[in-house]
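Structure incoming, see below.
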Amino acid sequence: MSSGAKERMLARAARDIRPGMTVNLGIGLPTGVLGHLDAGLPICLHSENGIAGVGRQLPYAEADRNLIDAGGAYVSPVAGTSYFDSAVSFSIVRRGRLDLTLLGAFEVAMNGDLANWMIPGRFSPGPGGAIELAQKARRVGVITMHTDKSGRPKIVERCTLPLTAAGCVNRIYTDMAVCDITPEGLRLAEIAEGVDPDRLQSATGAPLLMPEGPIPTF
Amino acid sequence: MRSKTTPMAEAVAAIGDGASVMIGGFGVPGTPFCLIEELARQGAKELTIIKNDANEAGMGVDLLLQNRQVARLITSHIGLNANAIRLMNAGEIEVELVSQGILAERIRAGGAGLVGIVTDIGLGTPLAKGKTMLSLAGREAIFEPALTADFALLHAERADDFGNLSYAATARNFNPLMAMAASCSLAETETLVGQGQMIPEAVHTPGVFVDHVMELAELPEVYHVVRR
Amino acid sequence: MSSGAKERMLARAARDIRPGMTVNLGIGLPTGVLGHLDAGLPICLHSENGIAGVGRQLPYAEADRNLIDAGGAYVSPVAGTSYFDSAVSFSIVRRGRLDLTLLGAFEVAMNGDLANWMIPGRFSPGPGGAIELAQKARRVGVITMHTDKSGRPKIVERCTLPLTAAGCVNRIYTDMAVCDITPEGLRLAEIAEGVDPDRLQSATGAPLLMPEGPIPTF
Amino acid sequence: MRSKTTPMAEAVAAIGDGASVMIGGFGVPGTPFCLIEELARQGAKELTIIKNDANEAGMGVDLLLQNRQVARLITSHIGLNANAIRLMNAGEIEVELVSQGILAERIRAGGAGLVGIVTDIGLGTPLAKGKTMLSLAGREAIFEPALTADFALLHAERADDFGNLSYAATARNFNPLMAMAASCSLAETETLVGQGQMIPEAVHTPGVFVDHVMELAELPEVYHVVRR
């Protein structure tokens, strides 16, 4: 994946973050969305280690040793930041006060199932907060490369890995497309400029429903 | 972050007939008297009210009782309001009496997005009657369902316009729990400040849980220390 | 009951409050124990509306409108006071962090059963915090007149009123005696000066086990 | 009120073989590194450790792992400590992985004197395996038992000698929950003040939950921002 395609994917996901939203950006690719958000956008970034109102990341030289995000990056407060304990932090998540979370994925299925925390026998460091974010945010977006390093689709008919949460995903942002999970199935919403629909379908492990009319690009 | 200041009349207008409403306060401290008065003025009916106590006759939630706006009251103690006792005994309101700390935990569980809690409080007492009993590792316990509500009415000492709240002394009580448990939380505040004017560590209720905040122009006498 | 006998009862209960204890005094008679405590005694008074470190009661003219105890009295803070919400307040109770609570009683049985919040058909204002205090404090003392206004015993073989909690009471302080609930039964610990043991037994609705040796007086 | 200052070595000496120990912290902030080092020095064995994460190799709870003092670890994520992963995979420690917010709630439930909580988190995932399932009003839910411990090790920014604690920024995390859940709570603090020197509304952990408090003479480098 070219850096351009990755940045375009992150920028596209950033455009779905609207004024007034409370948002949690998962560790990894989703954190990269930060770089594409207008600093003046009135949103509230939540981090599950106990912050509402996460500001920009800080270099070590400027860091406050007591202020990190859940990914371990040193961050800054903003005007209106509050801190709280881990029980309150996940109350925000489970009570449905997150308008949106953006998460990474090992696999995401056409029915919205997500697998992103465990590969039996190879990788099981613990779920952290992934299950609660996936299960309880009002809207769950997945940000992932369309295929893995071997070229295999990450969007599949059915997940083979242990689930993070069933049927939780609303929208998938990849370097090739934006797809929505709908009652009818996996629907293509937008296609990356220069990507051919047939090539997209062959890189996708589940049938893609096409939008009515011309396919919007991003 | 977004500003959530809303005129009180407009915010309260969203509370319709049949709504469930949590109301902060333990005695006078922390009771949102102005929000309650506005709810009495607007007159929504058939309300389910969730509140630690029923205040005293003539003040606070008693206004809603006198107005016949309350169908159901979930509470821990109404002994200081003879009017509430009379309405309960006459069957004009349905009252669910809950042990005070379990009421707090059920509300908190609602705010924490849990299904409920399991406790041994009340085993062998009339309060256990009719409840779901569990047998866990051979020991009996009571399942207490989480409580949520459509609205919460809160009284803060200080707030910023994002809805971060702090409470004075014993005015905290049920307010932070109800802020979390309601789908829509309304907070009246004695002082409203701009974002960045509260110490992030000293916020008691994160603004994420608050939907509308409104500054009180003045505190009516009911809030003050008066010999009643 | 003479005022002297009542104050002697309260003073006797106060002597069981030791340095370092965290204590909750129930509404009614137990609050009167406050007047018999040395102001310098290093204890922590808890009130279930959200205070650890309750100071002296204040007249209206000096009161802070936001600072009451669970009985509605205006109180003062002490050095080291903290405030918290109702969930934390009862966590202190249920986690067993109260070394002692002193409660009033309608009836208290020889097996430690307590009834103090409900008289069916006549008085049911709700339990408040009574059940949790009675069930979870490490030690529960009851302060009550030995008989009711009609002269009927308040210490009984078996409670007839709905229970607050079963088997919760450790010690009973009355105007006539101090009695302990023991595995063997109700044991007289001390007798009020001038009270005859036979008169005490006839005012008590359950058999009293006598202490070894002479009966201490208070 | 009673002063609870205790020399660290004396307070930690009460932690015997087989004890269960909750340890605050999420990453570096809020981790009581000095208390952990003292526990490593004194060497109690067969410990059950309850902690959000396993720190990174070479620091914090990893000292206890390297020392073979840990029999069991209840945690939400150990991905930053290859040593912990290796011990788990080799079967040298038993690891119970819990969803982070449910870990927080189970500890909080222990601190609140509850039997447990009921949640829908993890339904249909491997985490639900082996758990007590409940059917409540026709809906499936998971019973999660409360967690308590013999001891809690906490790191505060500020404390008074009664044990009232406050925490800086994201150093709060699990500390207040664990303070409540342990039978005996030990708090190291960066600053110790006299009673009356903390704002009563700004106390995060009431001293009622704290048994021993000790001021750190200096903060070793591990607490600081360092490029590792």
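Some observations on this one:
Each chain carries a letter (A, B, C and D) given by its place in the written order, and its residues are counted from 1.
Throughout what follows, a contact is a pair of C-beta atoms (placed from the backbone, for glycine too) under 8 Å apart; a residue touches a chain by one contact, two chains touch by 3 or more.
All figures in this text were calculated on a predicted structure; none of them were measured in a lab.
By number of C-beta pairs in contact, A-D leads when C-D and A-D are compared.
Chain centres here are Cα means. That of chain C falls 35 Å from that of chain D. Centroids built from CA atoms put chain D at 32 Å from chain B. Mean C-alpha positions place chain A and chain D at a centre distance of 30 Å. Centroids of chain A and chain C (each the mean of its C-alpha atoms) stand 57 Å apart. Those residues of chain A in touch with two or more other chains are numbered 77, 83-84, 87, 90-91, 93-94, 136.
Looking at chain D, residues 105, 112-114, 119-120, 168-169, 172, 200-201, 204 sit in touch with two or more other chains.
Those chain pairs judged to touch are A-B, A-D, B-C, B-D, C-D.
On the chain D side of its complex with chain B, the touching residues are 105, 109, 112-120, 132, 134, 136, 139, 141, 143, 145, 166-169, 172, 199-202, 204.
Residues 47-51, 60, 63-70, 72, 74, 77, 83-87, 89-91, 93-94, 118, 124-129, 131-132, 135-136, 162-166 of chain C are the ones that touch chain B when the two sit in their complex. Those residues of chain B that touch chain A in the shared complex are 1-3, 110-114, 160, 162, 164, 180-181, 194-196, 198, 200-201, 203, 206-209. Residue ranges of chain B in contact with chain C, taken from their complex: 26-30, 52, 75-80, 85, 97-105, 107-108, 119-127, 157, 168-177, 204, 223-227.
Across the complex, chain B is touched by residues 19-20, 22, 42-44, 46, 52-53, 77-84, 87-88, 90-97, 136 of chain A.
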